[in-house]
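I've put the structures underneath this note.
Heads up, the next two complexes both have chain A, just with different partners, chain B and then chain C.
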Partner chain A sequence: MTVAASPAAPARPRKPRPSRVLIAGLVAVAAITAWAAWEVDFTLGPLLENFSNGWVVVEQFLHPNWSYLGNAWTAWLETISIAIVASFFGVAVGLVFAYMASRVTNRSTPLYRAVKWFLAVLRSLPDVAYVLIFVALVGVGSLAGILALFIFNIGIAAKLTAETIDAVDPGPLEAADASGAGTFSRARWAVQPQILPNFLSYALYIFELNIRSSVVIGYAGGGGIGQLIQVQFARFNFENVSAIVISMFVVVLLIDQLSQYLRRRLV
Partner chain B sequence: MSTASTASETRTVRPEEPGKARATIGAIVLVILVVAGGYLSNADWGKLPDIFTEGGRYFSLMLKGLVQNPFSEPYSEYWSAALGGMLESISMAWIGTMIGAVLSIPMGFLAARNVSHPVVVQVTRVILNAIRTLPELVFAIILLLPIFGFGPNAGALALGVGAVGTLGKLTAEALEGIDPGPVEAARASGAPGSAILRWTYWSQVLPEVLAFWLYRFEINIRASAILGIIGAGGIGSVLSQAFRYREWDFIGILLFVIIVVTVLVDAVSGAVRHRIIAGSGVSDAKVEQDAATL
Partner chain C sequence: MIELNGVTVRYPNGVVGLDDVSLTIPDGQFVVVVGLSGAGKSTLIRTINGLVPVTEGSLKVDGVEVAGASQRRLRDVRSDIGMIFQSFNLVKRTSVMNNVMMGQMHAIPAYRSLIGAWSADEKERAFQALERVGIVEKAWTRASQLSGGQQQRVAIARALAQDPKVMLADEPVASLDPPTAQMVMKDLQRINRELDITTMVNLHFLDLARQFGDRVIGMRAGKVVFDGTGAEADDAVFEEIYGRSLTADDVLPGHA
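Presenting the complex of A and B:
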């Protein structure tokens, strides 16, 4: 508008047209969204229609049964124990796989490929699938939860640590090579001191993750607090579920704070 | 070692090794924790050998399901149930990501210190943290099942609510990390607030935020399987059914489909993410690192 008023000013450059890739991308996203919405029968209608149903539950939730927490704390102890054992062994084994999944420490290409491939498969299954598998193998209980989280943790720990190993300072590696170090002493003395703070911080992060996934673990039969939620939910004791959920809030926050404090001291 | 130290007398003394007391104490505490954990978890460790005795048998049963002719009964049904469940899971994950993405934009702006009032920032952050604390499963149980009933719709909504927490936080962090130059320029030229948000803040974070959305989509695919065990549909429901009846050949097919499809989607989504991030001025590694907390 103003350009026309003052002819001396240079003409405003033409607005670039949106690229074809962008348009194609947006159309694809819209199409996928429409199809997915149809596939899951997406609707918000029940929010209005069944709101009273939900409100009954919400009301029970607003009156948590605090006395139930007395029963909950043994389950919490179980969940935290499961998480400690599973993350300890998970990250320990994960570290070994991490060394094999980085070009820096693994100079054998076939082994490197095989380990990368194996870890991708390991990570692609959700934790609940592992719980179901181990419940079938060793029966319902904490052991199934520990084993499932153990396998699950190997995948995460190995991926995160391998990426850190990829990025280490090559100086110590060259020094180790120059002094004729073998694969193991090279990994132990040139790489491990560099990655140790990050590795420990990943271990704490994985421990946090394990606490968070305790609901899922217990629901599928792996013991701990999730099992308690499942039982109480099946009996429609929403006041008890509410108390457990609030305790979960507190526990997760406390553990996050503790782990953040420890991590800050490490890195 | 000994030859080096005796050969040159004039060398400076080797510095003393730093103390190992802290590391030792840490290791001892850790071992105590693990042993106590192993005991207090009430795990029936005696059943551990079952993995090896039973495991091999079940694994061969699973493989048996995979190598059967997929066009013969009942394997054709198994395969179509597996693929149908996986498609439903992907749809749930996609819708959940979309809901999370749309809601996380305003939440992200409200939670960014360089955009909103400090009080608003604090309130929004508390909400986002609260959402991040609870797993999707809890949302599904508490809020959605009583209203939406069992089914993929409730699952998709639960994934959406869960995604808001992480996506909102990451969007806010991305907004806080922008280059303030364009903002000042727009302000100096008298741009209205909405234009500043759209053309300086949003333009700068868009690639990063898109990458986070894709990352969240990958995570939601795994999470949708989890929601399946409470009857929210998708491959998780099919899987827990199959486990209930111990149909190991079916389980083998289901796990195979989950692994292959997840790896494929991760590869495609990862390629798109790298393409979006390339040339945006943000390093790939930084996005990966931030997204690791999703």
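Presenting the complex of A and C:
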């Protein structure tokens, strides 16, 4: 049965055509991708050709040397220690910068601009770049890893936390201002309790990131599990590398789960 | 004493919040400000402690000029003026005690405030403020766990901890149910009488205005259109202030 439309009902609107801008955009993206592939002579050929050569390697990978896990354990402890130290000091310093990088807590425009700019510069380099810099400065080892991650963490912690500060409930701030409280007291007691759960969650997230990047960090000379992988690779001990990679799946997964569980409880 | 002399407030968007207002409020008076939404009640209160800058005219609190005062001077003026808000403005994620401490921050050096190292005197003062509003047993409770009425009392304690000479309240009972509104208003009145704190309260309900106002100030479109005692403020006066006849919404339900 159909429902008779009342005579006064206005005509039903037609479905609009797809937007021309959208179509033009998709074509542009496809064209840029094609150009980029041509620019780097992209081809999957080597993957197939070299695969047969690599069979020996794959063979070794399929037979991990479990007895090597003992060595991996020590390196993991080093990696986790590096991550803890770098996260702790990184987020602590990041918090101070976050207060200076939000209009809510920093009412000096020149300082605000300077801090924003400084943090953008900090974040412009990836963590590996900092490892390379600090390896050059203090030599290969966990100190280079700690310093690199520390600097890297300041940038992320400050950005995430500053955004949270921007969004706090302004009511308590108004009350603080109305009572004549100073800048520091206001930040500490009207803002900090509001952002604390988010801040702790960011701290855990940054710790997760630090564990995840442990391979690259170590490869570049920053100590820990990555350094062990690099050495074993260089010696073609692929059974050992395989055992480490498997331990990596387990450790990273466990730490992620634990951290995410804690973060869910926080916010 | 609060003295406004030809005070005009123009917001950056051009809206005139106060239009050539002159008032003198002697020490210890309990003043109620009434008027329709947008009349300029909040603007008047927020101008007195410098949260809204004066565009023209002179505004003195205890002889100190607020109009054009430096940030430093404003902080000093504000430390003597407690303020209470419709939405309480407590930090919900921290204890009642820490909220009340906010009232004393102006006098606590930053290095102690940052680590929360309150002196015995400061704690004593916070407890006394909480006792005065009858809520001292909640000192270590999280503010988020209190009812609206309790939160507003904590906010009053926070203002009291400032040891203020003036108390400003912007619709302090608008988010509370009628019996709680009565209690909070009585707290404010008692504090005004006991501590001789000059009090200025914005109210929506005209029965509360009559009941509590030693003096009632009526506002419309940024101007003072009535200034008299609570007894003088009869229905005709309110119809004059509101520019319309009164309705049941103008009185606190269950209390007319």
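What we mean here is this: the second predicted complex is superposed on the first by the 242 of 267 C-alpha atoms of A that agree within 3 Å, B and C clash if a C-alpha of one lies under 4 Å from a C-alpha of the other, contacts with A are read in each partner's own complex, and residues count from 1 in each chain.
Here is the rule we use: contacts are C-beta pairs under 8 Å (C-beta built on N, C-alpha and C of every residue); 3 or more make two chains touch, one makes a residue touch a chain.
Because the structure is a prediction, the values reported are computed rather than measured.
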Fit or clash - chain C, chain B, common chain A: clash
Just to be sure I read the superposition right, which of the two partners does A:228 touch: chain B = first, chain C = second, or both, or neither? neither
Please indicate which partner A:139 is in contact with in the superposed arrangement: first for chain B, second for chain C, both, or neither. first
Please tell me which partner, chain B or chain C, touches more residues of chain A. B
By the touch definition at the top of the document, which applies to A:51: first (chain B), second (chain C), both, or neither? first
Looking at the overlay, does A:211 come into contact with chain B only (first), chain C only (second), both, or neither? neither
Of the listed chain B stretches (1-9, 55-63, 91-99 or 145-153), the one clashing with chain C is 1-9
Tell me, which parts of chain B touch chain A in their complex? 30, 33-34, 36-45, 47-48, 50-51, 54-55, 58, 87-88, 90-92, 94-95, 98, 130, 133-135, 137-138, 141-143, 146-149, 151-153, 155-156, 222-223, 225-226, 228-230, 233, 236, 239-240, 243, 246, 255, 258-259, 262-263, 266, 285, 288, 292-293
Of all residues in chain C, which touch chain A in the complex? 49, 51, 74-79, 81-83, 85, 87-91, 93-94, 98, 101-103, 105-106, 108, 110, 113-114, 116, 155, 158-159, 162, 168
Footprint of chain C on chain A - complex, ascending: 171-172, 174-182, 184-186, 188-190, 193-194, 196-197
So, in the complex, the side of chain A touching chain B is made of residues 32-33, 35-37, 39-43, 46-47, 50-51, 53-54, 56-58, 61, 77-78, 80-85, 88, 120-121, 124-129, 132, 134-139, 141-143, 145-147, 160, 163, 167, 205, 212-213, 215-216, 219-220, 223, 229, 233, 238, 241-242, 245, 248-249, 252-253, 256
